[in-house]
Amino acid sequence: MDLKALLDSIARDVLAAPARGKVADYIPALAKVDAQKFGMAFAPVDGPLVGTGDFQVPFSAQSVMKTFALALVLAKDEDSLWSRVGREPSGTAFNSLVHLEYERGIPRNPFINAGALVVIDRLIGLYGDALDAVRTLVRTESGNPDIDVDMEVARSEAEYGHRNAALAHFMSSFGNLEHPVARVLDPYFRMCALRLSCADLAMAGLFLARGGLRADGSRLLSTSGAKRMNAVLLTCGTYDAAGDFAYRVGLPGKSGVGGGILTILPGRGCLCVWGPALDKSGNSARGVDGLDEFTTRTGWSIF
Amino acid sequence: MDLKALLDSIARDVLAAPARGKVADYIPALAKVDAQKFGMAFAPVDGPLVGTGDFQVPFSAQSVMKTFALALVLAKDEDSLWSRVGREPSGTAFNSLVHLEYERGIPRNPFINAGALVVIDRLIGLYGDALDAVRTLVRTESGNPDIDVDMEVARSEAEYGHRNAALAHFMSSFGNLEHPVARVLDPYFRMCALRLSCADLAMAGLFLARGGLRADGSRLLSTSGAKRMNAVLLTCGTYDAAGDFAYRVGLPGKSGVGGGILTILPGRGCLCVWGPALDKSGNSARGVDGLDEFTTRTGWSIF
Amino acid sequence: MDLKALLDSIARDVLAAPARGKVADYIPALAKVDAQKFGMAFAPVDGPLVGTGDFQVPFSAQSVMKTFALALVLAKDEDSLWSRVGREPSGTAFNSLVHLEYERGIPRNPFINAGALVVIDRLIGLYGDALDAVRTLVRTESGNPDIDVDMEVARSEAEYGHRNAALAHFMSSFGNLEHPVARVLDPYFRMCALRLSCADLAMAGLFLARGGLRADGSRLLSTSGAKRMNAVLLTCGTYDAAGDFAYRVGLPGKSGVGGGILTILPGRGCLCVWGPALDKSGNSARGVDGLDEFTTRTGWSIF
Amino acid sequence: MDLKALLDSIARDVLAAPARGKVADYIPALAKVDAQKFGMAFAPVDGPLVGTGDFQVPFSAQSVMKTFALALVLAKDEDSLWSRVGREPSGTAFNSLVHLEYERGIPRNPFINAGALVVIDRLIGLYGDALDAVRTLVRTESGNPDIDVDMEVARSEAEYGHRNAALAHFMSSFGNLEHPVARVLDPYFRMCALRLSCADLAMAGLFLARGGLRADGSRLLSTSGAKRMNAVLLTCGTYDAAGDFAYRVGLPGKSGVGGGILTILPGRGCLCVWGPALDKSGNSARGVDGLDEFTTRTGWSIF
């Protein structure tokens, strides 16, 4: 299969279709991104990366980074995290406090904001500098030492971060954060403000397609650990549209409000897409369309 | 009617009944209060105050103070507050975030914690020093210049105040606080830590029984404004037991987790009770029993 | 005070104000009522009834009848009902299933639809023919033997009654109905379809203003029982607007989607209003306006 | 791989571990099943079925049958169903009415009870006799003409079926059922009461592992349709434990309170397990353990 030609064809189709969705505007720094950008990159487990469109343009990774934070925690301590965070789909809007209250401060899963804050809290305990741990991992795996925090976005997130502060304080009231709220929020906002391209992300996520092996052949996660992470991505990685995403795309994936989506094809490769306009669930509208076409044309869904 | 004899008799009956409930223990400073304390004071609109038991012993007023904060806001600006806070019973636990989310940052009523934070936020706008405004009002009306903040309790509230911080940040995320979170929480914690006796509170609340007139004859609230505050007390003043409290006691009232309950008998007087052990709704168990007996024996409920 | 002149003046003011609200249209038989109708009647405890406008025109009493069903149950057995139904305000839409689920089949209060079905279920146990018990009570107290069921409305309610059937089956699944679902629904739909005028209702409800005494001087409820019913009316009688109704009107009351509202002035009389157009909470829009004016002008609220 | 030896070894391990869970007891007919039964059967796409333990003993299939009902609807009309039922994980207890209310009568997915009732309603529209359509499909695919309804269980389900009746009436109140409630409930209860063995179910579900092809080579679902059904099974097939099931087992699957679980290994085969004792989510406790071991030892999860 000529993957480069396939990606180009998909990009043409996606861009030809009427634009859908809306660029995230809850912080000014994100609102000004060009909604017409579109990129897609596929990193095979056994060959060179291919891409189309804006696949080398860095964008705000946002929640996609939660994947790497979780992997780093599970790499050192798979067991203890799951007493502090569940692994069930949220079933409601992605930053809802409702479930958190019913479940006494235990977030539904590690990818809703509350859950990611618990992951960061644990990451601090395991690595000290949580931001640096995540940044180093994506730099090393992608081979791009220039990946860094967009400080304007980070500051903006912090300024408009009342909801995340509420989540953190709420979990603290239930005793589910080990570190002070400010200490947890700061690396969280910075991590979400990391800028990477589709190419960077596809390379960085490849360890999940390789059964847990890093680019240098060393092991980050056990084979079983990598499978389990993929299961969590599938059931919890795309806000409250996990069922629909599995139905249409059929791949484990993690989306972010910057418009990026990272998906895993176990044993085959890592596919990343970027389109800033979001559907009502907060996933890239054109991104989902592109991924849908990719798995439909290749037949490479996990189902 | 010999009210002093009546109060003594009620106190005997209440103390003779098996103890129920549990002293609030969410902060150490409250947990050490003697559960056996019991006091009751009645301030008639037209005669001297009578009391029984520990009616002159100061205790932590806690949420009872929300009554005075609300009165001060309504005294200067009755209208604008109600676009920022509702006046419906909560129907769930008193500091629940669930309703707050469904109602987009608008608390159900001014007596749940979230609503009281909005009241404090408005109080800052109207009076500058919110704590001082409330403290001055209760000192003046009660005639007791020694009423002040218990700093140990205030510090303890702040230290364990993650849930209130969560509420404040959550409302800020919906744009429903004008001042920074810390600026609002600080006077809130201090106000709740004011120490007053049943005698102090019964005198301080008398303006609500006098149709809005203060002790010196000046007007704090309009006649209609006082009636409206009593309506809010009746439907929202006793956490999620407002229906049961109206059924048993039949008076507008505001309770606090320090074990105090302030009730209003419009045109007759102000009745205050204190018993530190709380029932499962957070209202003083013996306090409600005492009030129930009082209205049963006098027939002085509003119904 | 010239009450007739007062009612006439209020009616003029209410009718002069721009129309608000919308006639209930969930069943065709209700939807065809003229939205411009308006009537008001006051039955003093010690004098002849006065009325204004359409106060002698019968309308569909709907949920107002729940008042009489509850009174008949409490008259014979005050205690056992409260283990099967609560007495707290609903805090959400009046026929919500949400609370019912969280509270394991125990309705929040006897005036939401689920609670009224439990009341009817108990009424069947106590009186056999539940509809006849209610109809006989209102006929006798109002002195109007012609009060009867509007069979078109009753059939229509039954036909569109899926939601009430759902409530009944749901409670049956928790074991909170003694009789088969159909046996309970039938008198419920008929009772709600009783047609009465403001004059009829004001006379029929007078026992609640007279401390439980019926028109013939016999006792239906104890003094304390009547006060307690008034407390339940105040906190639970006007759907999820009980707080607002207490704030504006300041009287115990029960509304129905036919546009009627029955209110109690303990010791003074019974005031009934009718205006078919409903506000968003399901209470008569002009009815609430009229009651608000009445208590404002007379100063006769319970607060 | 010697699959027969593998299944035997898994059965030994599972039976050697301490018993967990509790047999469903909401109807007497299910409560009397022997909790110690355990069977497991694997039907490869290209070879003879293998089994262990009680794999040939028929049990009450219950919700497992929802898989076949859904397949029959999607076979004839893939599009229209999804406007009447979602495909997102429920996130709460499997027969909750809460979500149904928030979503205005649209069930979260076709496998919660409410969603399955919509599927049956559509099945009646497409096939007339809904029960017969499902029964014929499983008889034909399994090659077992003796599969039939356990009438004692069906009657028992109907007798204790208030909750399902509530769901059906509730959806009717939103206009989301085309047929009368009783007409939909009857085949639903009968379908759930079908008795099949692990062997029967593994053969009957094989079309989902064969990309939609039936045993006779004819097509029931398109390749893409079969993948999509597997996606729905993965995200919604195991009550509110879908995330945990994906994490541990990593296969699309559908469980029933009779203790059966049907799982799909796309391209490989169909694996069915039976153990009557259920965990707190309603899934077979030993069944999940057995499936977990199977995918761990074979590495055949979809991730």
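In this document, chain identifiers A, B, C and D correspond to the written order of the chains, with residue numbering beginning at 1 in each.
Rule of thumb we're sticking to: contacts are C-beta pairs under 8 Å (C-beta built on N, C-alpha and C of every residue); 3 or more make two chains touch, one makes a residue touch a chain.
Predicted, not measured: the structure shown is a model, and the values here were computed from it.
S.K.: Same residues or different residues where chain C meets chain D? The copies count as same if more than half of the interface numbers are shared.
M.R.: same
S.K.: Of the pairs B-C and A-B, which shows more C-beta pairs in contact?
M.R.: Taking the two pairs in turn, the one with more contacts turns out to be B-C.
S.K.: If I superpose the C-alpha trace of chain A onto chain D, what rotation angle comes out, expressed in steps of 5 degrees from 0 to 180?
M.R.: With C-alpha atoms aligned, the rotation comes to 180 degrees.
S.K.: From the mean C-alpha coordinate of chain B to that of chain C, what's the distance rounded to whole Å?
M.R.: Once rounded, the distance between the two centres reads 32 Å.
S.K.: Distance between chain A and chain B based on Cα centroids, please, to the nearest Å.
M.R.: The separation of the two C-alpha centroids amounts to 47 Å.
S.K.: Can you list every residue of chain B that touches 2 or more other chains, as numbers and ranges?
M.R.: none
S.K.: Give the pairs of chains that touch; include all such pairs.
M.R.: Pairs flagged as touching, ordered by label: A-B, A-D, B-C, C-D.
S.K.: Show me the residue ranges of chain A that touch chain B in the complex, using the header's touch definition.
M.R.: Touch residues, chain A against chain B: 96-98, 100-101, 160, 162-163, 165-170, 172-173, 181.
S.K.: Name, in rising order, each residue of chain A that touches chain D in their complex.
M.R.: Touch list, chain A to chain D: 86-92, 99, 108-109, 223-224, 226-228, 230-232, 234-236, 240-244, 246-247, 250, 252, 266, 296, 299, 301-303.
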